[in-house]
Amino acid sequence: MPDSDPSTNSHVRVGVYVCHCGTNIAGTVDVKSVSEYAASLPGVVVAREYKYMCSDPGQGLIQQDIAEQGLNRIVVAACSPLLHEPTFRRVLKRAGINAFFLQIVNIREHDSWVHLDKGAATQKAKDLVRAAVRRVSLHKPLQKRQVPIHPSALVVGGGIAGIHAALTLAEAGKQVYLVEREPTIGGHMAMFDKTFPTLDCAACILTPKMTTVGSHPHIKLWTYSEVIQVEGYVGNYKVRIKHKPRYVIDDLCIGCQECIAACVYKEGKTPDEFNLGLSKRKPVYLPFPQAVPQKVVIDPETCIEFKSGKCKKTCIEACGDRHAIDFKQQESVDEIEVGTIILATGFKTFDPKRNPNYGYGRYGNVYTSLEVERLINAAGPTGGELVLRDSNKPKSVGIIHCVGSRDSNTNRWCSKVCCMYSLKLAHLVRERTGAEVFNFYIDMRTPGKGYEEFYDRLLDEGVHFIRGRVAEVSDFAAHPSEEGKLVIRAEDTLAGFVRRIPVDMVILAVGLEPQADAQDVRRMFNISCASEGWFLERHPKLAPVSTFTEGVYIAGACQGPKDIPDSVAQAGAAAAEAMALIDARFVELEPYTAFVLADECSGCKSCIPLCPYHAISFSDEKRKADINEVLCKGCGTCVAGCPSGSIKQNFFEDEEIFEEIEGVLAYA
Amino acid sequence: MNLQRTVKFEAETDREFAQWIAHEIGGEKLRECLQCGLCSGTCPLSLYMDKTPRRLMYLAREGFKGDVLSSLSIWLCTSCYGCVIDCPKQINITGMMYSLKQRAIEEKFYPPRFPIPVMARQFSRMVRSSGRITESWLVVQVFARTAIWRLLGMGKLGLRLLRTGRMRLVRDKVEHRHDISQLMDAVQVAKKELVA
Amino acid sequence: MPDRPPDAVIKAEFEPRIVAFFCNWCTYLAADLAGTSRMKYPPNTRVVRVMCSGRVDPQFVLDAFAHGADGVLIGGCHPGDCHYQEGNYKALRRFELLKRLLADLGIEEERVRLEWISAAEGDKVRAVVDDMVQELRALGPCKLEIGEAEDSLAEVAV
Amino acid sequence: MKYAYYPGCSLKGTGRAYEESLLAIFQALNVPCEELHDWNCCGATSYMSVDQLSSYALAARNLALAERENMEIIAPCAACYLVLNKTQHYMHDYAQINSIVTQALGTIGLTCEGKTQVRHPLEILLNEVGLQTLAAKVKSPLQGLKVAPYYGCQLVRPYCTFDDQRNPTSMDRLLSACGAKVINYSSKVQCCGASQKGTVPEVGLDRIRRLLLAAKGEGAEVIATVCPLCQFNLECFQEEAGNSHEPISIPVLYFSQLIALALGLDAKSTALQRCIVPVQTLLGSKGIVHA
């Protein structure tokens, strides 16, 4: 009986519940007078205020009233519906009335938190409550739609976060597609030498995971590939993936690399991307020895065969009867269906050329931290030797923190990892060269397990720490001792005067930035970015790996600067969320779909082009439009567009919205 | 050896001063200062400053009026704006320096015969009276009031300037000189009205 | 005309009443963000949540004015960012028509705004509301005879 | 459109060479301009320290005079350029300053609504005249002459919109168009010490020494300046700045003098006779002679 439709049963019994949210709401809004006012409104049977409506006792209160007072409509004035609408809908369900007989009034985010004038804030709360009471009485019973979930996942990005997420899902027996745009997985971590604070070598802990990914029965690894289109909705995404031609047939190449040795180029001529241009590679190459997959790539930009077509093709000879090389290879596209998507597209490092004062690009011995990672990496261009451009060992090295971080002229945020990796580099520099190392920092930020201890260790090792943001790196000698050196000028803010420190090498601890194409990616996957350009999580605390698009999760540095432990933890979390979704086997969709009132439809067809999902069809014999509920995503554009007003949208019917508009404006 | 107490009692801070600077040009964003010291590092004159710009900003924010206004650093600022364009918090440090200079002059916070404020004052007097500056006269007036002996050392340069026609002896003036003084007075009036 | 506000809200200076239609995915979130970041703006808006700015029917706007709103604010995702691909473009197209209609009714164009505000732009919500309230205060109350409004409601309905 | 030429005090005194050469090249390149009638001192940096508001009013008077004629101002002196622009910005940004200055100007029958653009000769030459036109008019190119363009601080910071604030190149481009070999060195935007040479000599002198050495270090034969005070500091104290085992002697010219040379203008226009550090022999050795 309570699950009734007011249009047939005028007997609407509304309960209004005003939440204090501690002092968050009650501090600004006079909740008592709001609930008293609500009680006076037509149709309202009971109105209460309570400290925390979302708490168990709060929920119990509503449930009890529904049972005892036969309420059939509920208004909750509390925080944003995006937080607790689901919570309170469950309450209604438990109490045996339709979950959609509920209207949430946002008197926290939209009221108490943004206004200072208590009188006005309280009045606003009353207006909103009044509108909700009027609206809710028109609510119709609705049922969420159940759709099955495709039991597979797509992971975008093959860095440590993507790798970990993919493995976690695959280990649980889920089918995973891992898409990476570079020819190999591994991401930034693969470029590092050691990792802080434990100093275990990055390769030793990463490469095993990489090879497992490459060989896992449940993982379909697509490198040198990019997602080009995403369609569908939670549980049923259709994704198109483009494979760039590597001019080598994956299944045939066994990674023997004889083609590389045989290439007509005896020496590499092209700057090696993986080594950030610190070494040269040939037109046919393997990004780095532990690359996964172990498949070579041919770069058409530099390969003679592509340029002139007149190459001896010694590589093909070398490949012999394996016939793995195919100069004719074309770009190809795969289309897959997945139930859920994890984005782990990572970050890019700040380009220090944007800050000319540090002389990057002008002075040869000014390096970025990432370049130094390659230099000290045993598999790097110098075989792990940290040397200057003239291949001598530096006797003194300056490490400049916060380059492209904490600076409103470039990036306002703290990149979180630079302090720790600068400490790591300081240690390695001393270990490899015995050089004097000067760290220039603004604040030393080492929160994290074992991090502060690592800082202590560096202090103990005799590294200099100078608190001051560096003003300039120059080669101008103001003193004989500065001849031929790079001079770092900064205030030693603890000493209270400016110091000039001559060094042989400068390392710029560059900050982390969103990927250059983050905006395109987020559009493709229909999620949002925070103002800085990082992917936006659904809730900073309660839903850190979810997005506002159901079934799409984020992991790693694409959501914000993160170190390896955090990225891995987040990847695990994202995988768990995805798994929970898949294992539920069904997902419930909001019933906000549109439908046509057949006998009112004039058959003008003007709605049909309005729908981006082709959900509206036209039946020629009935001369009426028809909406496919499964395809309809519930935007309501066709409803507003229908000239005869014969399309309605569940939960957003014109009458309901009119009632709300007139409700907020009417002064009782 | 004479030891001095260095401890600062809260009572010695001047909240009014801190409030004042926070509302002066350049002081608006003072609270955001990270104390990173970039300003001091960029400053070409900080090599000579008793207190670096960074310290001045901090002391001013905390209301150590005496320490700030009696610092010679505020006089060394040549307003080259190097710090302003580099400041990670985009604080108008040069603007703040002007505000401090003005306050220091109002409250006589500088050593006797200290040339810079004298120069500033002579400058403004000359502008008020003639509307324009005649450099040669300005120099003479400043040194006459601060370091007369230095004038002697300058004969040679003076001669050269004369010879190359770069030293004017006649004072340059604007036509409507009363306009200038009237303008200056009007500013003072407007200022008072605003205060009242 | 709607009955006048109770003393509680009658201020020395005229306080405009603004009905705001915010899309669920961008602007509503932005308003939430403004809240979580404790930004402060005048309490003159009343937000009506819709799934997409494309759902905003010109009749809603007219209905608001007819019932005593002094301004109407429509908030949607930036062009190209619509959660439903192109609902905001539809909203824009309708908005142009709407403005002409309002002009005929003698409603100043400052009274109705369409703003693109992404989920990250809490400060833009503040700025827009600040600005609009300023403008409307200067403009004074909206005078629209409910009768003529209903006529034109009928007009757009067919 | 005619420009209002705002000389500022220095260009009538120590900076005469700047005025003479600048007006000459403007004429040669058909940049119409006439001196702003009854202009007054901009207030420079010193007045600011005594009474900021008065200095804005002073500067605003000039803006108002130009506004009355609705002309754009050309301010060659870096300090004037800065102060006039700054006043315009502050009057826009700070209502209080605006009301006080407006009220004060009212008493002498002037108004300043901030309509006047304040521009620098470098920008005019670059954007209005253009490098091609300039290059086309060069008669005796400054071939082989190694010039270090010194911008100083106040031209580019903080209001300059036509050039990079950390690494300006407008003068470089103009002088290379005149055939000079331009030297790029990092201290080109560092402060010359302004009036410090007069007030705290040791400080000022140290600035001057550093800058001169930096330029010489890069092999410069001439330093080109855009500011009368920079020019004065860098040229007039070289003896003091140098020392017995490292004497410094390097001509310091205004960029406009070099351009006048390249355009082959007469001695009156190049105003080389106003140099204290002789430049003739150097030019002779390069085969650069003027009409």
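Per-chain numbering from 1; labels A, B, C and D assigned in written order.
Everything below uses one rule, namely that a residue touches a chain if its C-beta (ideal position, glycine included) is under 8 Å from a C-beta of that chain, and two chains touch if they have at least 3 such contacts.
None of the values given here were measured: they were computed from a predicted structure.
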Which of A-B and A-D has more C-beta contact pairs: A-B
Chain whose averaged C-alpha position falls nearest the assembly-wide average: A
Separation of mean Cα positions, subunit B and subunit A [Å, integer]: 51
Centre distance in Å when subunit A and subunit C are each reduced to the mean of their C-alpha atoms: 32
Shared-contact residues (touching 2 or more other chains) in subunit D: 166
Shared-contact residues (touching 2 or more other chains) in subunit A: 357
Sites on subunit B at which at least two other chains make contact: 47
Touch relationships between chains, expressed as pairs: A-B, A-C, A-D, B-D
Subunit A residues within the subunit D interface of the complex: 356-357, 474, 476, 478
List of subunit D residues in touch with subunit B within their complex: 9-10, 12-17, 38-41, 43-54, 57-58, 61, 90, 94, 96, 99-101, 103-108, 152-154, 157-158, 165-166, 189-191, 193-196, 198-201, 203, 206-207, 236, 273-276
Complex interface listing, subunit A residues touching subunit C: 80-82, 106, 108-111, 113-117, 119-121, 123-124, 127-128, 131, 523, 526, 528-531, 536, 548-549, 592, 610, 612, 633-637, 639-641, 643-645, 649, 652, 654, 657-658, 660-662, 664-667
Parts of subunit B lying in touch with subunit D, wherever the complex brings them together: 25, 44-45, 47-48, 75-76, 78-82, 84-85, 94, 98-99, 101-102, 105, 115-117, 119-121, 123-124, 127, 131-136, 139, 142, 150, 157, 160-161, 164-168, 172, 174-176, 179-180, 182-184, 186-191, 194
Sites on subunit B touched by subunit A in the complex: 34-43, 46-47, 51-52, 54-55, 86, 88-90
